[in-house]
Each structure stands twice: as structure tokens, then as C-alpha cells.
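Take a look at these structures.
Paired with chain B in one complex and with chain C in the other, chain A is shared by the two complexes that follow.
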Partner chain A sequence: MAKTSRFKSGLISSLIPFGFNVERWGYVIHRVTGVILIGYLAAHLFETFQLSMGPGAWANTMSALHSLGPLEMVGLWLVAGSALYHGANGIRLVLNEVFGILMGKPIMPVYPYSPTSLGRNQKLAVWTITAVVLVLWLWAGLYLLAGLGVI
Partner chain B sequence: MALDKLVLEVLRSGGKKARYELKFRKGMTVLDALVEVRERQDPSLAYRHSCRMGICGSCGMNIQGIPRLACQTQVSSLGKDVVKVEPLHGMSVIKDLVVDIDPFLSMHTFVKPYLIREDLAERDGSDREYRVLSDEVARFLQFDYCIMCALCYSACPTVALDPDYLGPQAMAQAYRYMADPRDEGWDARINLLDRAHGVWRCHVAGSCSFVCPKDVDPAKAIQMARVEVLKKRVLRRTAKAGSPLVNPAPAGAAKQGTRAPPFDFKEGGRG
Partner chain C sequence: MASKEFSLMRESWSMLLTYITALILVFVLTIHLLLESPLTGVPLEATLTFGYATGNLMYYKVVFGLLLFAAVIHGINGLRVIAIEWLHPRKKAWLVNLLAVVLIGFFLALGSYTLIAVT
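Coming up: the complex of A and B.
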């Protein structure tokens, strides 16, 4: 039989959560926020590296950043949200993966099926994390706006 | 939803979408619709099926974007009069809705899904049976209900990214035998799981458990397997001897209540 390519596999496919469980949405957001944080880390290292190039280089970098205007704050707000979600969801994943917490014990499946690993406790953890992160993210936005002198 | 007619939109080989109009019948499954299309409209349409009652696991396909068994999916439950059907994602297409499940099966056999015993003469030659107690059965019975339909494999986002990843089904089966007191293959299997393409690649998206038609809950089995791997790494755990041979229970013993059922069906052990 001739080998053919795998149908709808790859990065895009793995990042499409539509129709799936809420934990799959958590997986996708965790991945995306991870990429944002890596991007921020690289930019931050580049920024601080400019200090070693002398005061002129540092001033140029800062003026380039400030010339972005509100976009700079939007970027920082995205980074804050990413750090909050990635950290909080990461704690849930450590509980799941390392200790098996929130996964439930083996059961006798009885119809209608309801997997315990996606059960009430897991859902509660996911939605609690989402709510707490959204509140903190909003607060971070207000803090950044206050820094701009808007409020 | 009041349906009297439905449109089945099937993604066929070569990427073309074929649309078939059918009369809706109460209780109609997607498999019923496919059978009707092949019998009355298009005999060239290819798909797998066998038992029609969710036992054989042959008719796995992507229905409205989610991997499901066609025989267990009521058209009315989808809430649409256009039902979109595609082959299982993440697998090579042989024809229309028939996919190549060889990679999936090779992962299954890779984890040694059978009882391993040191003494083969004892295993194959004795007229006695290995002891397994009711509460020991409870540790692995759920994972024993796997029908190998590959829905979990198709739904897994890690499989989509890493073709060498063992996948949820294989790791759930590995854990099923590791939790079996009769088995002596803990050492062999733990090394198959403790690798870059093994338990460490699972990020608990939970889609495998979400689509499983038998509530095998592979996501749970993988995390339990990961805890076993950590026991090996941190606590230096090694395999224990399997349970001993005992005389078979007398005929009718279960009926007389000398052996308790492994679960209380009312409680179900849910938590």
C-alpha cells in the first residue's frame, strides 16, 4: 500500500479545540501563552543586553519601545495575561501529571459515560483558574492604564 | 429538531466533498445513513463497519469535527440537517472514510498488551488459575474495556504533532497490564513508557477521554502510568512477583455470592 500523508495532522490541527472539552481549550491557551512568554523572554534579553552596549544604545532602545505608543502597553498586557494563565494552569497540570490529582480513580463505566478525569473537580479547577486569571488580568490592565496616566 | 430530510456531506478521497440527500428516520444513526447511501445512491463510497452496536470499533470517523463511532451517533443528536463526515484526523487515508490504522496498531503491540509471566511452563501448562481479587480487578477493569476504535488516537493533539508518540490507547493498555496483579512485566513496560515519546509527551488535553465511546478514560490511565514512572525514577521501584496459582473457583460460586463483584454498580467509585 502506498504511503500517504497523515490527514489533518500537524500544528494547526493540534491547536483547533472547537467541539472538544474545556480542558482541550486549556491545552491550546497554555501552548499559545507559552509561545508569547518565550517571545517576551527573547525580547527582554535583547532589551537588557543593550545596557552592556552603553547608555546611548539603551536610550535608543527605550525610545524605540516608547515610540510604539499604546501598543507597548497592549503588548505588556498580553504578556501579563500569558504569565498569569500559564502559571495558574501550570499548577493544575503539575497536580494532574505528577500526583494524579483531579483525575479520579478507576471506576466501573456506567452509561451515560462521564470520564472522571474530566469530571466535576477538574472542571472546577479549570473554571476557577480562568476566573482568577481574568480578574487579575483586568487589574493588570488598569495598572498599566494608570501608568500611562489615562486613569 | 424536526428533521424529515438530511444531507450527508462526506469528504471523499482526493479532497472532494460529496453531498447525499436522504430521508430522515427516527433513530437513524450516521452509520445507517452511510449504509443507505452506499446501497441506494453511491456504491463506490468506502467506509468500515461491522457490528453496528459499538463493540467492534470499526466505524470510527470524524463527524461534525469530532471523532465518533458512526453506529453510536444519532443523526438527531447532532442538531443539524447537514451532517459533515470526514476520515479520522491524524491518519493516512486509504479510501474515502477508510484510514490506515497500522501506526495505531503498532503502538498497541509495542507496549506488550498481554500478561507477562516469568515461568512460561507454569503459565501455559497449569490447570489452575492465577489469583486476582475483586479489589485488584477494580484497579484495571475500566481500562480493559478498550475496543481499539482509535478515536482517542485521532483526537489527541500530541499525536497530531508527533507521529512517534505512543498515543493514549497504547499507554492506557500498558497501564492496564501494569496494574494487573497477575502480570510480571512491570519492568519491561515502564521503560517503554519512560521515554521522550511516552508518558512525558502527554499534556492532559483530555480529548482522548472526551471522545472515548467506552469511558476507558485514557487520560487518567496515562497519569497513573506517569505516577508509576515517577515511582521507578524517584523511589527506585522494581517489579513484584505476580500473583500465585490457585485452584479455580467451583462452578456457580459467583452466583452463590462467594465472590463479591468488583464494584458497587450504584456507587461506581466516581469521585
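Coming up: the complex of A and C.
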């Protein structure tokens, strides 16, 4: 019983980044967007598979998707935002973890243990990514609204 | 001890694969999105027609093949890592790994069939 509740509390707290630094926020958002993208990938593969079944099957799939109304575009907008964030943050992670860029030089750990890996450049990179992703996400939203004929 | 070292090495390989597929995805996904974007001058609704969609699949088979391979490996491996970190299946990690391999095989087969069948 205790083991189960400890497991649940660990699971929930791993998804709540409040009170932590930007790196932890990035970690949580990266995972959540990754799971959204995996769900979309599976759906997209099944959707594209309909092309091999002929024009009739494709038309049926498209009409089923269009029957969702604005929800279809909202879903695509969420996927676009997820892909933009996951991709941009992923590039930052590769630069950090593979090439050591923006990591800072190692120093002796002295209280209050401010990590050099979260220095000014790293924070600037995180906020730049966030700003660029938000602008592109807004643009994707406008494009999808135009597709709906709203604007 | 030997099995622990092997296990760590295996995860390192999996991480390396994640980085490589991530870099491939950045380039290939950009091409995929550009083919569907307003930069082509084709309206959104028109990109969803049977002719346009099959045309893209026919003419860019290598791009889509690479995209399929990278996205499936990267995505399912990511899901596997999340499952192992959250569930801590100490004795049944092999089951999560096996499930991941089965899912990778299934999605690669589904996507490959689509790429081959659309001519």
C-alpha cells in the first residue's frame, strides 16, 4: 500500500515543475510534447496508410477528420506547438549534452550550489527558444485558421 | 556485475540512437513540413487531396522513408525510456523493451507498406 502511494506521488511530482528551475520546466514540457507527438505519429501513420487503400478510403478518412469540425484544427495546432517546442528544445539538448555547448566550466560546488550548466547563456537559450516557438506557434495557428476560412 | 555493465552500455547505445534520429528528424521533418506549407503556394485544403498526398509520397520516397525510420525509432524509444523511468519494472524491464521492439516493427511495417503500395 505504502509502495503504491509512494509510486503515485513520484509519478505526479515528476510532472509538476512548480518551484523548480527552467531546466525542470523544459524537461517536463519536453516529455509531455513527446507523448503528444507519439500519439500523433501513430494516428498519422494509420491516416497515411489509407492512401494505399485507394481514393475512396482516403476520402472517407478525410471526411471523418473534417466531421470533427474546429477540433481537427485545434488538434493540429497542439501538434504543431508540440513539434516546434520538442524540436527546438531537442536541438538545445543535443548542443548541451553531445557537444557541451552552453554548459559552462565546472567549478567547485559552493553553497548555494548554483549550477554552471544553468548560467546566463543557458537561460538565454531557453528563453530565446520559448519566444521563437511561441511566435511560430502563433503563425501556425493563423495558418490553420486561414485553412478553416475563418480569416 | 557483467550484466549491469552490459545494461548500461545498451542504454548508452539507445541514447546515441536517440540523438542521431533527432538530428535526422530536424532536417527531414523540415522538408516534410515545407512540402505542406504555404511556401508551396498550395492551399491547406488542396494539400489534403488524394492526388497531392500520393504525389508527395511517390516523388519523395527516400525523404519519407528516412522520416518514418527516424520518427518511429526516436518516438518509441522515448516512450520506452519514460515507461522504464516511471514504472521502475526492475525484473520486467525486458517486457517493456520487447514491447518497444514489437511497436517499432509494427509501425515500420505499416509505414513501409504504405510507401511501397502508393505508386
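In the analysis below, the second predicted complex is superposed on the first by the 134 of 151 C-alpha atoms of A that agree within 3 Å, B and C clash if a C-alpha of one lies under 4 Å from a C-alpha of the other, contacts with A are read in each partner's own complex, and residues count from 1 in each chain.
The rule is simple: contacts are C-beta pairs under 8 Å (C-beta built on N, C-alpha and C of every residue); 3 or more make two chains touch, one makes a residue touch a chain.
Keep in mind that what you see is a predicted model, and the values were worked out from it rather than measured.
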item	value
Partner chain(s) touched by A:90 [first = chain B, second = chain C, both, neither]	second
Which superposed partner A:11 touches (first chain B, second chain C, both, neither)	both
First, second, both or neither for A:69, with chain B first and chain C second	neither
Partner chain(s) touched by A:98 [first = chain B, second = chain C, both, neither]	both
First (chain B), second (chain C), both or neither touched by A:41	second
Touch count on chain A, higher of chain B and chain C	B
On chain A, positions contacted by chain B and by chain C	7, 11, 14, 97-98
Residue ranges of chain B in contact with chain A within the complex	64-66, 86-94, 99-100, 138-143, 145, 155, 157-161, 163, 179, 202-207, 209-210, 212-217, 219-220, 223-224, 226-227, 230, 262-263, 265, 268-271
Footprint of chain C on chain A - complex, ascending	7, 11, 14, 31, 34-35, 37-38, 41-42, 45-46, 48-49, 51-52, 55, 58-59, 62, 83, 87, 90-91, 94, 97-98, 143-144, 146-147
Sites on chain A touched by chain B in the complex	1, 3-11, 13-15, 18-21, 23-24, 26-28, 30, 93, 96-100, 103-110, 113-119, 121-122
Chain C residues within the chain A interface of the complex	19, 22-23, 25-26, 29, 37-38, 43-45, 48, 50, 53-54, 57, 68, 71-72, 75-76, 78-79, 82, 86, 88, 107, 110-111, 113-114, 117-118
